[in-house]
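Note that subunit A is present in both complexes that follow, paired respectively with subunit B and with subunit C.
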Partner chain A sequence: MNMYRHEFKNVLKSTLIWTLSIMAITIFFFSMYPTFSEEAESLKRMLEGFPDALLQALNFNITAFTSILGFYSYIFVYISLAGAIQAMVLGTGIASREIREKTADFLLTKPVTRQSIMTSKLLAAFTAIIITNAGYLSTAYLMAVIVETEGFSQGIFFMISLSLFFIQLIFLSVGVITAVLISRLKAVLPVSLGTVFAFFVINMFSKSIGDEKMGYFTPFHYFDSMYILQHETYNPSNMILAFVLVVLLIISSYVVYTKKDIHTI
Partner chain B sequence: MNIFLQELKAYRKSLTIWIIGVLVMVFSGMSKYAGMEGAGQSLNELMNNMPGVLKAMLGIQSLDVSSPLGFYGVLFTYLVIMLTVHAVMIGSTILSKEERDKTAEFLMTKPVTRPFIITSKLFAAAVQVTILTIVSFVSSLAAVYYFAGEGEFFREILIFSLGLWMLQVLFLTIGSGIAAMKKNPKKAPALSAAILLFTFFISIMADMTENLQPLKYITPFQYVTADMVINGNGIDGIYIFLTCILVSVFIWVTYDRYRKRDLYV
Partner chain C sequence: MNVIEINGLTKHYGKARGIEDVTFSVKEGEIFGFIGPNGAGKSTTIRTLLSLIYPTGGSATILGMDMIKDAPEIKKQVGYLPSEVFYYDNMKVIDLLNYSASFYKKDCSSRIKELAERLDLDLNKKIEDLSFGNKKKVGIVQGLLHSPKLIILDEPTSGLDPLMQQTFFDLLKEENEKGVTILFSSHILSEVQKLCDRVAIIKDGKIVKVEKISTLRENNYKKFHIETKTPADQEMFNFEGIKDLEMEGNSIRFLFKGDLNPIMGRIAELDIGNVWIEEPDLEEIFMHYYEKEDQGREHV
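Showing the complex of A and B:
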């Protein structure tokens, strides 16, 4: 419990900064919706001249696309980028702190097992993510209700919003495994930013060219908001994939961490 | 010269990983081009008439992905994101890592002046950034010619790469300027990353609506746009001018601040 409290206190400030930043991004994006819906009206009129077959071939459901949920599923990609960076930085940072700050001998000579150290760290990170998601969810819902007066499907809205939590869980475990695998991690940000942006770019690129297979390489694709919008459910196989991935990464983090040599000084 | 070589050596592992990353990205990206050819005239027509927001939503930015350069333009946007992450991170860590790793005293007691140390470090960072630009330029040329067959792309890819280099150098100096200003060495990469993310989000918002055009001047991600280059307009002179000014200011800040400030030991 002491360790949990200590870890949590350590990440609290950055968690609050991240949560507020994500809330700010959300507010900015949602405040652009009125402009968007005006432009969407003109597109709707234009598309009336197009043959149905073409639109179907494009998998282009115009009504869904121009609604607040369509807009939301677009901006959500960027919100989840911010969330993923937070989670990976958190995971890498929390699991490597002793090594970076050369306090490993202090902590590891305490009468606690390495498993319990890992558990406290993971729980602290988990709490931080829950705080972020609570802040995000309330802001996003509030903003959506403010900008869209006609109402929308709340089920889909919450499903998309909740995928932030799942994406963060995946990147948290990616961060933790990275930290325990690199023997002397000196800096958290370069490796975390590089990894998250690489996955983000793979996702955006596979979307731009419509290549589904490429999507399996990136966690951002597992909870693709466009898919949720169209099918009104999570993609079941990707959901299982994400779950297995998180469990595997966490278990291997425990295994590696309990056995690894820890460099001091 | 010793410091310069030492810095190159210190980063060789990370540089190797980045080079591999760029190569994989360029080749696997362009290899998808074959599958995209002949998307059809009506599709392009649809894309051209689409309002800005929806184009941004689909991630196409008025590029014709059925032409080799249009397709490369999409890839280029993502190359810029990745390589600016690298540039801003190396810029901020190359100065701050001495204090982070507690090696500042070792370095500063050597018979060299601080400006000399800064010059060596900035050169080492610039060399690495340039190596990545060259790798991206050569591999892009090879990949575009290999996958697209005939056509004349040399001039455009050269302009793309020069633009990429310009942005890399800009972010490098932003990073080093921040590292020189920040007293706490751990805050420098965090602040640099925050600026990178902030300008990236501004760029996305500027893409979404016409009302936010003035924002294009404050985000480097709008300085080099793929459609301008492909249409033969190159890079707008004002952005080159702006970049030169910003780079000079940040280099001046780096020298001025780092020369005078107390080091964190």
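Showing the complex of A and C:
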């Protein structure tokens, strides 16, 4: 519990900053919706002139775009990008902290198992993600209700919103395994940004060429907001894939972390 | 009872050498020195004992428990101070020490206060504002605050000024009087000499010798320095047991090992101005062991 508190305290400030930032982007995006829906017809005409591949890549669906949920599934791509970066930075940062701050000799000579160290770190990161999602979900819902006066399917809305949590969970575990595998990780941000953007681009690419298989290589595809909108459910096979991936990554992180040598700084 | 028992401990880093078949034991209540030059394998041995790194072969027990399987249980009784100390920079000293104490299920607050006073350490400063020496003091406090039964020190004195070093040694001696066992690794031999009962000498990853400090000295060369009033004949020192003879004018220097009586008789024949017979310090003993090892290897 002492380690959990210590780790959580350390990530609290950045979690609050990330949460507030994501909330701010959400408010900003939603506040644009009334203008979009008013200009729906001319917007549709304009978008029809765009190449289809580009529209696919950007998650545009012309018919859906002018409804609140269609609009939401479009802006959600960018919110999930921000969320993914946060989660990856969090995971990489928390698991590599002892290496970066050179405090491994301090922590790992205490009477605790490496498993319990890893568990405390994961729980602290998990709490941080819960905080972000609570902040995000309430802001998004409130904004949607404010800007859309005619009502919308709350089920779909929450399904899309909740996928932020799942995407973050995946990137958190990607971050943690990255940190335990790279034995001398110095800077968290370049590694995290690089990884997240690579996956993001793969997702855009797979969509624009319509290659489903390529989508399996990027967590952004697993919870595709457009899929949720059209099918009114999560993609079941992707859901299982995501679950298996997270479990595998977390288990491997434990295994690698317990077995690895902690060298002198 | 042996507090530390190491059996054939081996660690390879890929193909690179770490330590090879390291075997020695440390008795309860002993201050045990572990000496060798930088890169000889001292830290590798210690980090393996603390299960920071895992051995390629061999085993070790600490306080009768297996160093890997029972690591958390062992660490309740172990205090560790590395040569370079790093802590969470954004914490205050007292918060760091309280965090450290929170791992041991006992109240360490009075001990923290007492140690900080002894070492003249300001508990309210932030870690990042501390000098290297002061960080080291934090390290000493956090290594001792839970009153461990075994203290493991890996080149602990770097960064401490001589006065503080003395206080630190006094602290260690006090702990030792209470029955605490100490493993003290160093490449500075004079400090090992000052503090330790026995030493293990390590070179190139292998233990060269485990010996009592006193025996090491007894079995070793004595340093002779004689000043004569008239130049002496070199032939007089063609004597078994004499090594490294240097004669310069009226000054004669050599190392001697063996029965002292005949050599004293020979010296008495000289017209002596002054004479010094010194114990070699550990440094010289150490060099001697190294030379012997190298020569041994050359013969093979």
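Note that in this section the second predicted complex is superposed on the first by the 240 of 265 C-alpha atoms of A that agree within 3 Å, B and C clash if a C-alpha of one lies under 4 Å from a C-alpha of the other, contacts with A are read in each partner's own complex, and residues count from 1 in each chain.
Heads up, the rule we're going with is that contacts are C-beta pairs under 8 Å (C-beta built on N, C-alpha and C of every residue); 3 or more make two chains touch, one makes a residue touch a chain.
Note that the coordinates shown come from a computational prediction; the quantities given were computed from them, not determined experimentally.
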Applying the document's definition of touch, where does A:194 land relative to subunit B and subunit C: first, second, both, or neither? first
Contacts for A:36 in the overlay, against subunit B (first) and subunit C (second): which applies, first, second, both or neither? first
So in the superposed three-chain picture, is A:16 touching just subunit B, just subunit C, both, or none of them (first/second/both/neither)? neither
Mind working out whether A:111 is in touch with subunit B, subunit C, both or neither, as first, second, both or neither? second
Of subunit B and subunit C, which one contacts the greater number of residues in subunit A? B
Classify the contacts of A:2 with the two partner chains as first (subunit B alone), second (subunit C alone), both, or neither. second
Touching A:186 in the superposition: subunit B (first), subunit C (second), both, neither? first
Per the contact definition in the header, classify A:123: touching subunit B only (first), subunit C only (second), both, or neither. neither
Both subunit B and subunit C touch subunit A; at which residues? none
Which bits of subunit B are touching subunit A when the two form their complex? 14, 18, 21, 25, 29, 32, 35-36, 42-43, 46, 49-54, 56-60, 65, 71, 74-75, 78, 81-82, 85-86, 89-90, 93, 97, 100-101, 189-190, 193, 196-197, 201, 204-205, 208-209, 211
Interface with subunit B, subunit A side, in the complex: residues 25, 28-29, 32, 35-36, 39-40, 42-43, 46, 50, 54, 58, 65-66, 70-71, 74, 78, 82, 85, 186-187, 189-190, 193-194, 197-198, 200-201, 204-205, 207-209, 211, 214
Please name which positions on subunit C make contact with subunit A in the complex. 43, 47, 50, 52-54, 71-76, 78, 80, 82, 84-89, 99-100, 102-104, 142
Subunit C-touching residues of subunit A, taken from the complex the two chains share: 2, 6, 10, 101-106, 108-113, 259, 261-265
